[in-house]
Amino acid sequence: MKWNEVIHESNSGLVTRHALDWESLAEQILHRGGSPEAVIDRLMELEIAVPSWGVCTGGTRFGRFPGPGEPRNVFEKLEDVQAIHLLTGSTPRVSLHIPWDRIDRLHDLKYHADSLGLGFDAVNSNTFEDQQGQPVSYKFGSLSHTDKAVRDLAVQHNIEVIEVGKALGSRALSIWIADGSSYPGQSHFRRAFERALDSYRRIYEALPSDWRVFIEHKPFEPACYSTVVADWGISYVIASALGKKAACLVDLGHTPIGGNVEQTVAMLIQARKLAGFHFNDCKYADDDLTAGSINPYQLFLVFVELVLAAEEGVPDFDPAYLIDQSHNVKDPLEDLVQTVGNLQSAYARALLVDREALARYQESNDVLMAELTLQEAFQTDVRPLIAEARRRKGAALNPLAAFRASGYRSLKAKERPQSEKTSGTFQ
Amino acid sequence: MKWNEVIHESNSGLVTRHALDWESLAEQILHRGGSPEAVIDRLMELEIAVPSWGVCTGGTRFGRFPGPGEPRNVFEKLEDVQAIHLLTGSTPRVSLHIPWDRIDRLHDLKYHADSLGLGFDAVNSNTFEDQQGQPVSYKFGSLSHTDKAVRDLAVQHNIEVIEVGKALGSRALSIWIADGSSYPGQSHFRRAFERALDSYRRIYEALPSDWRVFIEHKPFEPACYSTVVADWGISYVIASALGKKAACLVDLGHTPIGGNVEQTVAMLIQARKLAGFHFNDCKYADDDLTAGSINPYQLFLVFVELVLAAEEGVPDFDPAYLIDQSHNVKDPLEDLVQTVGNLQSAYARALLVDREALARYQESNDVLMAELTLQEAFQTDVRPLIAEARRRKGAALNPLAAFRASGYRSLKAKERPQSEKTSGTFQ
Amino acid sequence: MKWNEVIHESNSGLVTRHALDWESLAEQILHRGGSPEAVIDRLMELEIAVPSWGVCTGGTRFGRFPGPGEPRNVFEKLEDVQAIHLLTGSTPRVSLHIPWDRIDRLHDLKYHADSLGLGFDAVNSNTFEDQQGQPVSYKFGSLSHTDKAVRDLAVQHNIEVIEVGKALGSRALSIWIADGSSYPGQSHFRRAFERALDSYRRIYEALPSDWRVFIEHKPFEPACYSTVVADWGISYVIASALGKKAACLVDLGHTPIGGNVEQTVAMLIQARKLAGFHFNDCKYADDDLTAGSINPYQLFLVFVELVLAAEEGVPDFDPAYLIDQSHNVKDPLEDLVQTVGNLQSAYARALLVDREALARYQESNDVLMAELTLQEAFQTDVRPLIAEARRRKGAALNPLAAFRASGYRSLKAKERPQSEKTSGTFQ
Amino acid sequence: MKWNEVIHESNSGLVTRHALDWESLAEQILHRGGSPEAVIDRLMELEIAVPSWGVCTGGTRFGRFPGPGEPRNVFEKLEDVQAIHLLTGSTPRVSLHIPWDRIDRLHDLKYHADSLGLGFDAVNSNTFEDQQGQPVSYKFGSLSHTDKAVRDLAVQHNIEVIEVGKALGSRALSIWIADGSSYPGQSHFRRAFERALDSYRRIYEALPSDWRVFIEHKPFEPACYSTVVADWGISYVIASALGKKAACLVDLGHTPIGGNVEQTVAMLIQARKLAGFHFNDCKYADDDLTAGSINPYQLFLVFVELVLAAEEGVPDFDPAYLIDQSHNVKDPLEDLVQTVGNLQSAYARALLVDREALARYQESNDVLMAELTLQEAFQTDVRPLIAEARRRKGAALNPLAAFRASGYRSLKAKERPQSEKTSGTFQ
């Protein structure tokens, strides 16, 4: 696929109108005392990592309905990530998941990525599924398992994932464990926690000095009654016990439904323990929906915290931006392109917040005007801003339209014939 | 497996102690003005259907960890159900799921069931997964799909399931559809509802005159944003539109978390539209945990409504009792045996409620005493009652102990070698 | 307060800029195939009723912090509603609450309202508080109470409220009952429902032929365990039993948190039983926050359903728009002005949805494009549209700025000295 | 009221039957390998503090329905607490709330308490309501307020509450602040947290060396969008920053609905930061219902954690047991008597758990048997155990029956005429 041509072709039909819209918006922002160029600069710097598993159709326990042309291995996955990166200009890195991305030829992969202009973000370990021929099972836990042999296996796996990451240029390990219990009494909460902490410590010791480890919490699923790292409080206790290189990853769907995730983000910033994000959205559970699809205002409020922290110069503030979604009914590539746009939109709006006015209203408890200061920014139509940032990076003014026009999916459907159809987990 | 001998052997070591406990409890109940024999009679009449899928390990979208000796086809599943029935004396029927239970030899199956002393309860259709070679896909719905060809296929499948049920002696069709949407805008709510209602009508017309159809609602999963039959209100509208043979099935995990499911049960009784139950329990989502494992008091409160309705002689009150659980970390058979005990326990306690006193306290708004009337019944240790009911039916005093002592699982592990290991749906 | 002058003064400084913004937006809408003038027409027709209790500071069980200048009686409340109406051009009617609005002089009140250019919307009864000298108490219920004397009192009160409404020109009675139970066992669900239904029937019989009665449901609070009219299903059963003049009122905070209220709205439209709305927003419970303040996208999705129903010509579709908020930390008048703007914003965006495209994408299951069709409308900056609609009605371009500039609040603080300070309910 | 006589009279009619039941239960426990006497000993040691506000009827924002004979001042409140203590034998201390319990005559109060045989538990400050003549308002916060004058006032108030406690023999200060925000943007999360932490530090410095300070968290109410001390994570960060004398108080209704509060308890035990409890139960929000009334199994699971921690000898493990309920529809005294029974019931059942078996099953991941080990204990009818523990302390075998027979309430109704009727907060 000659993406440059695709993008050029797509943009050529849109650029005149875009110029008009952008000029009008820039003028409005200036009129309100903002700086459109400063926002553009920030937007152009925003980099979001794409998970390797994100370019495939996801599923639920009730089944999976894959589409045509999905990548069959990590090399093909990288091709797809490149497409997203070229279209949006904002996804230069991929986040691998081991062993889903079984890699025998690390040097080939690194070379492949280099040739596609891609790098590697945090690497993810997997101790929530058993692999063929595994000597002991993760059915009842991994890092917190009562059996030392299982814990050893899980620790060793994480250390191997670090090795993979080192070979590829990653700088962080992201750990999510499914350890927990499905019934009252199944686990001794405190002992399970102690065993998990001990395992995290062993992994932490194997971490290169310039790496970070991300601790991810989750209240439930697949464990139904309790999980060992259930909330940000536990994640914080662990990250504090481990040391400076450890911090807490916030998956937006891993907060109790309706909870105030933006405040949790603020508290982790306050504690210098915000590792970064797994972006997605949810309505009823950990739905892994497109970021911003259910409550775009909440996503904006999260970015407001990030912009405030950056502007105020909070020390060591450098969160990782990763996507973690499950594309069940949308084309995975289209969904990712849409996601990048939604994140940019939330970020751009957050950048437009009149922070001086906000601080003033907060200080004087002018509740309505403080709120309105956020709402004014949120109501701004930032589409021309995002398009302009893309244009300046040589990306597509309308990446979705460009993708659809490219014929990439149907091309890949021919190149990548699928062998099997995975069904749900009940059978 | 010679279950009679297993049970006899197991009981012989327990029966002396049991006689003591039972005598003591019976005396206590009499002392409080209750009738232990009346409770025993009801308990002995309680019949619960086991779902054919329930004898296998379930899974989540993060994987499945099956155990040894699981049944590999519907014939073996019936063997397992028989074991539960003989141990507990209370599960004489199985509820099939088509096409999970692919059946070419219906007569053989009927004969097999007869020989095991089992019958067939409601049959379940499946239009939430695609089958090999299916001409059109259920990815975007079934009974409510925008494409008439898909709706026709789904309606036709349901009619075929009725045919299977007729051949086997079932008297009800249970329909759960996964139709819905994962994103705002994906569905036109009202048109989707109209299409679904039309499809339900077509199935209803094919229903034999002595059959019933159970409409099951669910708020989410696998659809993440909306489902066509989301709550009991919609289910009720559909069942009312269809006619007398249609009623609403309550799955205890398909109510908003923390909601008052016992009141919903009461309202459906009031409206003469309670079809019956899918029993299970949940903490965070539709977890399909063992009934009574998270909130046993709630399960008791549901049975209080059932006992009240029966005692008051509500017309046409004849709910079906079915189990619908996902056994992820327990042995499926042990879990089902435990479940039957939990249901009996909730029922026995509900039968012990002093209904006259309750009515009097309710009438005079003596809140505390009305509540206490329920709590007194709930606090009663009904284990000897349940054991006695089992003993009189020739079942096991302690079915779990008997099952473990039987060596059934290890025997089946040898007889039923497993071929493959199903992993999660992400890959 | 000479509002005309205030508005004129305020607008004069904004109108030049507004003309620019409006022209630019109108051009954009036209470019996308929309009709800015059609949207303006609809916006100008939108009428929202203000509750009389809404112009005072609300409270929680932990206390109340009233501000200066709040109205001390229904006559002063109407003055405040007039201010909102003149500033926004969209709140021509007030919704009374009896007996909070104790009215001895109905003719004076009607005259007063006429002179202020205000009319009366639905009248609200109150059977959730005891009044001084009341012969029997509502502590344990009203329309569903076990004691007929209490039910009679509550029915009679509702009939008197109708009489008040008739004298003032109202055309609807809105009934919310707090009846329910705080503990399991306290209530016999079905009998309580039957008693309530009977009481509703008696009120219905007293309803003038050109009136409607709105049945409002609520899952909890003040009753903690169950409420007699808990959800839309029960409300629907009641409204259906009563007849054509009865329909279901949707308070946006009376749906389980995180539930899909827009689908409930659609189902009530489908069933021809949508009475209208109590607009507000919530995060954790029935918070009665400013509409659109927590999840503005959800409010937009509700309006999308309303616009679709109107466009499709659903018969008898004529929902009432009422506000029901509790202003605890904002100035009540400012909050109401903001609310009207938020409702207009949600409506304007819903009107901008390309309904043809949406239908096409829904029909072909192009999930992403269907969703995007909504998002494109939602992302549009409709502030100039709303301002233009206001300008054409002679209202304020920026009503909040005009209100603050007017000095109304400090003027009233002098005119309306407060006597007492209400504290919380614990003491 | 001669409680000794009341109790003697009440017990005399029950003791024969009790002896029978107790003997039978003791034999059963012994048969199962437990020690009934050990459980009795523990039960007799259990001490629960009664909040002074708990002896009055509570309310909701929709009103309050007080009953006759409620105490009108702190002296009368102590009389009521004494009644509960004599009837149950387990509530020797009262927890005051300042300034609800306005105390000019501290020496008199101490003398009064001494003469009633009562002591004082943790004292509670109140900075969520304004008092008459207060120079600045808590409307927008207290310990975290943006205005230093307000923070100073709130800090000073807490220090004064410590002084009251010192005079009365209390050993702990319990702080709950309502600080938070009702709208996005209202608060700067991190700055509000910093201000609050600074205020907590100032109070901590004033704490006597043998005192403890309890930090109470709450997710919402009265603040609707965020609270400064929203969850156990924030509470833990504060308690850790303050030092050894600070720990975290768990109110069972201040966890997200459906969340795993027993795990939170375990984590705080693990971190040596569990201060104690505010016992109650809830269904939909912070309902402050009778402990154990909605989910008695959960209350039992909390006590299982407490028993495990005590048995394992966790250092510094000494949680405070306080009740915090709102009695809206039950007689407050009866409700408190019932509550004590429910707490004893949960504790007794937790003490009956076969901890060795539990540990063994947990270690070997025998999920079902581990769960069953809890369930067996929970199903035990412990009423005779609790009655026996009461009997040995000279308290009532059936305290509710004794209370009703005593005529205490009607006596007090005459002695304590009520002046006014508090209504809800809306008006």
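All chains are identified by letter, namely A, B, C and D, in their written order; residue positions are counted from 1 within each chain.
We adopt the following convention: a residue touches a chain if its C-beta (ideal position, glycine included) is under 8 Å from a C-beta of that chain, and two chains touch if they have at least 3 such contacts.
Note that the coordinates shown come from a computational prediction; the quantities given were computed from them, not determined experimentally.
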- Query: Taking mean CA positions as centres, which chain lies farthest from subunit B?
  - Reply: C
- Pick out whichever of the two, A-C or A-D, is joined by more C-beta pairs in contact. A-D
- Can you check how far apart subunit A and subunit C are, centre to centre, with Cα atoms defining each centre and the answer in Å? 39
- Query: If you average the CA atoms of subunit A and of subunit D, how many Å lie between those two points?
  - Reply: 42
- Task: Identify all positions of subunit D at which a residue touches two or more other chains, and write them in rising order.
- Result: 139-140, 182-184, 186, 219, 225, 260, 283-284, 290, 293-294, 297, 329-330, 367-368, 371-372
- subunit A touches which residues of subunit D in the complex? 139-140, 146, 181-191, 193-194, 219, 225-226, 230-234, 236-237, 256, 259-260, 262-264, 266-267, 269-271, 297, 301, 304-305, 308-309, 358-359, 361-365, 367-368, 370-375
- Provide the residue numbers of subunit A that touch subunit C in the complex, in ascending order. 17, 21, 24, 28, 31, 257-258, 260, 283-284, 290, 293-298, 329-331, 334-335, 338, 345, 367-368, 371-372, 378-383, 400
- Complex contacts: residues of subunit A adjacent to subunit B: 53, 56, 58-65, 100, 128-130, 132, 137-140, 178, 182-184, 186, 219-222, 224-225, 282-285, 287, 289-290, 293-294, 326, 328-330, 421-427
